[in-house]
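Two complexes, one shared chain (chain A), two partners (chain B, chain C).
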Partner chain A sequence: MSIFECHALTKNYGSVTALDNMDLELEGGRIVGLLGPNGSGKTTLIKIASRLLQPTSGELLIDGMKPGVATKAEVAYLPDRQFLPEWMTTKQLLQMYKDFFTDFDMDKAAEMMASLQIPDRQNIKKLSKGTRDKVQLILTMSRRAKVYLLDEPIAGVDPAARDYILKTILGNYAEGSLVLISTHLITDVEPVLDEAVFLRQGHVILHESVDALRQRTGKSVNDYFKEAFAC
Partner chain B sequence: MAWQFDSVTPIYLQIIMAIRSGVLKGTYPPGSKLPTVRELALQAGVNPNTVQRALTEMERDGLLHAERTTGRYVTTDQAVLENTRHKVSAAAIAAMCDKLRGLGLDDGQIIGQVEQWMKENQENEEKEIDIE
Partner chain C sequence: MLGKLLKYDFKAVGRIMLPMYAAMMVLGIVIGVTARIETGGKTLLSIWMLLFFLLVMAAVILTVYLLVERYYRSLLGNEGYLNCALPVTTLEHIASKVIAALVWMIFGCLAVAVSGLLMGLISTDWQDLVEAAQFIGQRLLHLADNAEALLLFVKLFVIAVLSLTMMVMMVYAAIAVGHLWSEHHILGTIIAFVAFQIVMTIVVMVFDKTGVAIHFAKMTGVVCYTVFWLAVYGTLTWYILDRHLNLE
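Let's look at the complex of A and B:
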């Protein structure tokens, strides 16, 4: 059974259709790139899976369940914006994650925080944007989740931080779980992906393994993307 | 640091070439234990499944063999190692000849230029030794 499935999933914002009758099935044990231009529905899809949005029609199932309390215990979600409460210290933050999520690995998180040389009692307020991004990622990847939903994890950070983030994802996702990474920085994530899913105007226009796509087209996913979405 | 990949060839094939070269250059000497899939994936900055696929292919070729529980080892079979050396050098030569043919050289010219380059290179090395 697929760990992540959409059947005729549709989401309208007023007269705007963000997801249009979308069908998609993703297996565990894979790292999948959710790729598409701005406004193609990437974030909407991830938000429905995290139950921040309700579909207009159709359904999305995680591990066979509709998004809700039970799926939240299995899904580690990294939003595309900063969400850390500024008044908390890093230590309080780790404790809060431990309280919320039974699959949170405190030792692992503490170890990763130490490798960033962030002091225990540092106020979030005093951290730079790049460091906050890394802290958010550490919190997300320290869970032993079945599904990781990472919305634009490498947007707006310098190349060295990108490497750090990708290595943190690769080195920490739970075996057998699904990692869904939405991004438009394809070149950076391409070597990390098993599969690429291209979205256009709320439709899946391509779902293929990265190496199969390279073999078939003789092009990188990035070059193929540029061709598919040429304006 | 992550390995460098070109943007056209499937990544698992590039991993195979990199590990074959590593065996020949002594990064992974014959008889040694290879890093785990996860370690290699992290080093290379690639997906573990892609590494797995590359290693499985190399097991089929006999360059690697898996010992249950302890991990993967590089073969000590000289015939297989020689065959691997042949594959890696053939790929390097094919790439070079494609490029030179593309520049309009015929095969005789390519051989001539290679011989000349080797001669010059050799002389350079000798010169360096002279200076010392």
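Let's look at the complex of A and C:
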């Protein structure tokens, strides 16, 4: 059974269709790139999987279940924006994750925070934007989740931080789980991907293993992407 | 999970309100001491009293602001990306916010009451205090004898708490409705709030016409009326947050 399935998944915002009758099946133990230009439906798909949005029709199943309390316990979601409560300290945040997520590895999170020299009792308000991004990533990747949904984890950060983020994702995701990374910065993530899913206007236009894609086309995923989405 | 949500909802507000309550009580003590020792014009006492009044006003405004802000920011703002992804039901989220709001309002009243009590206790002569305590003690004993009065007191308390809960729920429902607009959330919230008032007035008027209103004079009627609206606003809030949540 696929750990992540979409069947005729559709999402309309008023008259705008973000996801159009989408079918997609993803297996565990893979790092999958959800690739597409802005407005292709990447964030909408991830938000439906995190149950922050309801589909208009069709269904999305995670580990065989519709998004809800049970799937939220299995899904580690990293949104494409800053979501940390500013009034909390880093220590309180770690404790909050431990309180709510049984799969949260406190020691691992504390270790990662220490390696980045993020103070233990620092107020989130006083952290720089870049540091907050790293804290969010640490919180997400310290879970032993079945599915990781990472929405644009490397957008808007400098190249050095990109390397750190990708290294953290690769080095920490639970074995056998699915890592879905949405991005339009393909060159950076290409080396870590097992599979690529191309989205265009709410449709899956390609779903293939990265190796097979390179072999078939004789191009890198990035070059192929540029060709497929040429304006 | 409700307990865990409450833990963080209390922390978020407590870090601001608890020091304020503490300041209120310290001021209560200062006023009591000043009243006891100041002779003549009582200028100092007036200044302290004014400060106390301003502090209470500030606490009331801040409580209302924080209860709205916490609800909006943690469920509908950016923090919603964290909170709405927690393995918690929408009902638990709403319950936590409403319970926290109620408890903070009650805590606020208690803080003012305790401050007032401190003022009274410190400023009053020992002899008078003993007399007052005896008087109150007798009254309380009398109240215990009079079951009917006690029951009335309990009923009024229940109605007050229920009405407060309903009002909080109505505000939260209005904010949820306001959030359905893709822009102008505040305007949407105000329109929803006014619309709720109009609907409630119309419902009461219809009841008036049908002659059912007479029952509302009775306490059970008031309880039913409040619980009804609590359920309506609660369901509306739940429906929007659970089915039509659309974080920016």
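In the analysis below, the second predicted complex is superposed on the first by the 231 of 231 C-alpha atoms of A that agree within 3 Å, B and C clash if a C-alpha of one lies under 4 Å from a C-alpha of the other, contacts with A are read in each partner's own complex, and residues count from 1 in each chain.
We take it that a residue touches a chain if its C-beta (ideal position, glycine included) is under 8 Å from a C-beta of that chain, and two chains touch if they have at least 3 such contacts.
Treat the numbers as computed from the prediction; the structure is a model and nothing was measured.
Undergrad: Could you classify chain B and chain C on chain A, in the superposed arrangement, as clash or fit?
TA: Superposition result for chain B and chain C: fit.
Undergrad: Contact-wise, after the overlay, does A:L53 reach chain B, chain C, both or neither (first, second, both, neither)?
TA: Only chain C; A:L53 stays clear of chain B.
Undergrad: Have a look at where A:K167 lands relative to chain B and chain C in the superposition and call it first, second, both or neither.
TA: first
Undergrad: Just chain B (first), just chain C (second), both, or neither: which does A:R81 touch?
TA: second
Undergrad: Does the superposition put A:A70 against chain B (first), chain C (second), both, or neither?
TA: A:A70: touches chain C, not chain B.
Undergrad: Give the angle at the C-alpha centre of chain A formed by the C-alpha centres of chain B and chain C in the superposed arrangement, rounded to the nearest 10 degrees.
TA: For this superposition the angle at chain A equals 150 degrees.
Undergrad: Based on the superposed arrangement, let me know which partner A:F100 touches: chain B (first), chain C (second), both, or neither?
TA: A:F100 sits against chain C, while chain B stays out of touch.
Undergrad: Measuring by CA atoms in the overlay, how small does the chain B-chain C distance get, in Å?
TA: 27
Undergrad: With the touch criterion stated at the top, can you tell me which chain A residues are shared between the chain B interface and the chain C interface?
TA: The overlap between the chain B and chain C interfaces on chain A is empty, containing no residue.
Undergrad: Which residues of chain B touch chain A once you look at their complex with the stated criterion?
TA: Residues in contact with chain A: 2, 5, 7-12, 38, 41-42, 44-50, 53.
Undergrad: Which residues of chain A touch chain B in the complex?
TA: Counting only chain A, the residues touching chain B are 29-31, 163, 166-167, 170-171, 187, 191-194, 210-212, 214-215, 218-220, 222-223.
Undergrad: Which positions of chain A touch chain C when the two form their complex?
TA: Answer in residue numbers: 13, 47, 50-54, 69-70, 72-73, 75, 77, 79, 81-85, 87, 92, 96, 99-101.
Undergrad: Could you list, by residue number, the parts of chain C that touch chain A in their complex?
TA: Spelled out, the residues of chain C in touch with chain A are 1, 4, 7-8, 11-12, 15, 74, 78-82, 84-89, 243-247.
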